[in-house]
Amino acid sequence: MKLPFKGAIDCDVHLAMPPVKTLLPFMSDYWQDQIVTRFIDRSSFALMSYPTHSPLSGRPDWRAQSGGAMPGATLEQLRSQLLDPFGHELAICHALHGSIALYNEDMGAEFCSAVNRWVAQEWLDHEPRLRASILVHAQNPTLAVAEIERCAGDSRFVAVLLPVMGDSPLGRRIYWPIFEAAQKHGLSICVHAGSTFRNPPTGTGWTSYQSEDYIGQSVAFQNLIISLLAEGVFQKYPDLTFVCLESGFTWMPTLLWRSAKAWRGVRAEVPWIDRSPAGIVRERIKLSLRPFDAPEDPAIINRIFEQINCEDMLVFSTDYPHWQFEGDNALPDGVPRELIRKILVDNPLASFPRLQTNSHVRAHVTQEAAS
Amino acid sequence: MNAPLREVKAEQRLMIVDCDIHPIQRSNKDLYPFMPKHWQQHMETFGSHVRQGLSERISWPRMMASGQRADAYPKEGGPPGSSYELMKRQHLDPNGVEHGMLIALSKGGMEERNQDYASALMSAVNDWQVECWVKRDPRLRAGVVIVADDPESSVKEIEKRAAQKEFSQIIISPRSAEPLGRRRFWPIYEAAQAAGFPLAIHPAAIPGGAPSTGAGWPTYYMQEHYTFGSASESVAISLVMEGVFERFPRLKIAMIESGFSWAPTLGWRMDSIFERMYKETPQLKRRPTEYMREHFWFSTQPIEEPENPQHLLDIFEWIGWDKIMFSSDYPHWDFDDPRYAISVKLSEQNRAKIFRDNAKALYGLS
Amino acid sequence: MAKKYVAGATSDIAEGGSKLVTLAGRDIGIYNVAGSFYAFADRCPHAGGSLCEGFITGIAVSGGPNDYRLERKGEFLRCPWHGWEFDIRTGQSWCDPNSMRARKFSVKVEAGADLAKGPYVAETFEVKVEGEYLVIEL
């Protein structure tokens, strides 16, 4: 169905990654020289999880409008395909740049910094409806923290972006400096689908097909949340919100049930989990609407919402320009009417403290929604 | 733990099929009668060689009594599951087990890196199941343990056991060297289909080589425990998307101790992605949910315990009442007692299906 | 009308120990915590495990990651199956104190001389005047 009102906050929007040469002006002389003389600028930095021409990576009609190139490459496209027709109040954009998969963490950090500068200068400076996450190279948390500190003064950055599958499960203590810095600055943690393939994408080894990898993202998000729970991240960083992007949400009942059950038996191993994981997850984890993994049948969808039993968990996402829905049906049919406002506006605002402090946003959104 | 054992009262009126019972050797010596001398010596000298850092135990110490029911340690010594008398007294008799499907996880070679030794273990454990368990109690049914890494010897073993009436299925771990849909495993499926054996997929404790999550190794047992379900999802994805069921249309998969509440949403997810990505997997002629619905059975333990028990019925409904089979996991710590495991009210007909009829139909038990 | 059952002598259960008895067909576990006696139906309210065959231990608590403390040693039961933890003083589940508790029976310590006045049921042993006994009313 169509969005019933204007003023939605879209939590998962992707900018098409620019050619490497576009990023060179944002890099030091040393790295410019390295990149040019090693011909690093001559090929794409598309992630294996999002190959450029894969059907999922770009919706066909949007792709056709950009002459077959990846949509979301220009501000004009972003406005005409997403921000204007859907009447977005805000869109949080995420730069899924392939440099996060580089093994050289210094080069990776330089790229991430260049991408963040490019996002600020080429996108945020020109479009007040945009917000962004900070891309970091998590292999070296010290470098990641330095980048967070560098960007934190810019209030248009509202989160830190990490892939759901990297070197190690994200709950591990090696990543805590990242969480520390994010919490300090009121930034949320956005964990996005995708892998740097440091490990095989499944617990049973290497898959054959990209379809399998994409399907398996829901498995990766479950393991992520269990990692955050078991390691005590939610206790250690009480003000930090984790937003799972391109996560889907219909798998959540399994996680709530199994984690709550297991906790009663294995609690003593992780005694800092001092109440049912189901309650903790409902409070601290946000899931994005897309991809939508259920039949668009109100009876089934209602059951799933009842099982999840949390009105605050789901945040709106189009996942632009990825192919998640047709036409302007940005909401799946069957989503309970009474939750729509929460999903489109209230939950996103609650998920990103930096949006809340922007008081004119809240006032404006409320006005829009009421009209 | 040393309190006297008591008879459990027979309150279970319905005779049941238990799809997951774990027998184990009291010690290595139990296998000697079924192994050539040089492999006995190998067992004592070198022992197992598996894909993890510790040689004699799993690297995530479990919580309850080494992952066992603390009340299932035989008084005479040996690990839980090593005493037939105790199993009979504690579980088979009082819980009304009409048929018990043996899943012999330990020492069957499924995790062993030395392939010749693995084959010797496989053969020995299969003989041992027949001689020490099924012949002793015909309620019990053996499962052909195979070495998935070595399809050639596995196929020979399947063909050999197909002729033995004590065997009802093939046992394989999802923690294989590669996802189970990959073609290296297809000779096994061909042999399974020819023999009419369902393939029971049961998680083994020892990793197959890949970290147990796509983001790397978990820290805590709590996480590792969760991967029994999540790794099984990965296996289901692999089997469906590789087109295993197009090639082997009569192959039946029993997901044991793998969880089941994930199955409906995983199917929907596969369908929606297949709708956009179908050109990548032209081997699929139908939607993924159709393969799931036709080829997969699920065992109940560890039973899901939703805050609202009624939600369990949604899941059973979505999976299909003909595909759910009771399992206890005796003698492991997260054992489900058939009297209490499913707390939501079931119709008599559905109760009979879950506790008895579905498994009888799948395994051809009379 | 409730009957007095003599479950055993106080000397049968050492501090930190337990004893399983069957009274009027019911399995009951009796626990000695620092000289006080507690009794529970020997069936875990979660899934039916025999609590008496589990562990008598303390409760693990924590102020946050990497902070591990065992408190109230000897005051908790851990079910031998799924590891659920119960406070021996109250029967309450640690994880679900308001909705899940082991069925508790009150245990009284009575002198043999008083018991001798009757009536009481002692199914498996003889009550002596000079002893002290554990009495449960059912």
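Lettered A, B and C in written order, each chain numbered from 1.
In this text, a contact is a pair of C-beta atoms (placed from the backbone, for glycine too) under 8 Å apart; a residue touches a chain by one contact, two chains touch by 3 or more.
Treat the numbers as computed from the prediction; the structure is a model and nothing was measured.
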**OP:** Compute per-chain Cα centres, compare each with the mean of all protein Cα atoms, and return the closest chain.
**Re:** B
Original post:
Hey, which pair has more contacts between C-betas, A-C or A-B?
Top reply: A-B
Original post:
Taking each chain's centre as the mean of its CA atoms, how far is subunit A from subunit B in angstrom?
Top reply: 36
Original post:
Whole-Å distance, subunit A centre to subunit C centre, using C-alpha means?
Top reply: 52
**OP:** List, in ascending order, every residue of subunit A touching at least 2 other chains.
**Re:** 231, 263, 265-266, 268
Original post:
Residues of subunit B that touch two or more other chains: which are they?
Top reply: 63-64, 333-334
Original post:
Which parts of subunit C, given as residue numbers and ranges, touch two or more other chains?
Top reply: 82-83
Original post:
Any idea which subunit A residues touch subunit C in the complex?
Top reply: 173, 231-233, 235-236, 263-268, 271-272, 274, 276
Original post:
Which residues of subunit B touch subunit C in the complex?
Top reply: 1, 3-4, 6, 63-65, 69-71, 333-337, 339-341
Original post:
Which positions of subunit A touch subunit B when the two form their complex?
Top reply: 54-56, 164-172, 195, 198-212, 214-216, 218-220, 222-224, 226-227, 229-231, 248, 250-251, 253-254, 256-263, 265-266, 268-270, 278, 291-295, 300, 303-304, 306-307, 309, 323
Original post:
Hey, which residues of subunit C end up touching subunit A in the complex?
Top reply: 46, 60-65, 67-69, 82-85, 93-96
Original post:
Along subunit B, where are the residues that touch subunit A in the complex?
Top reply: 63-64, 174-182, 208-223, 225-227, 229-231, 233-235, 237-238, 241-242, 259, 261-262, 265-266, 268-270, 272-274, 276-277, 279-281, 302, 304-308, 311, 314, 318, 333-334
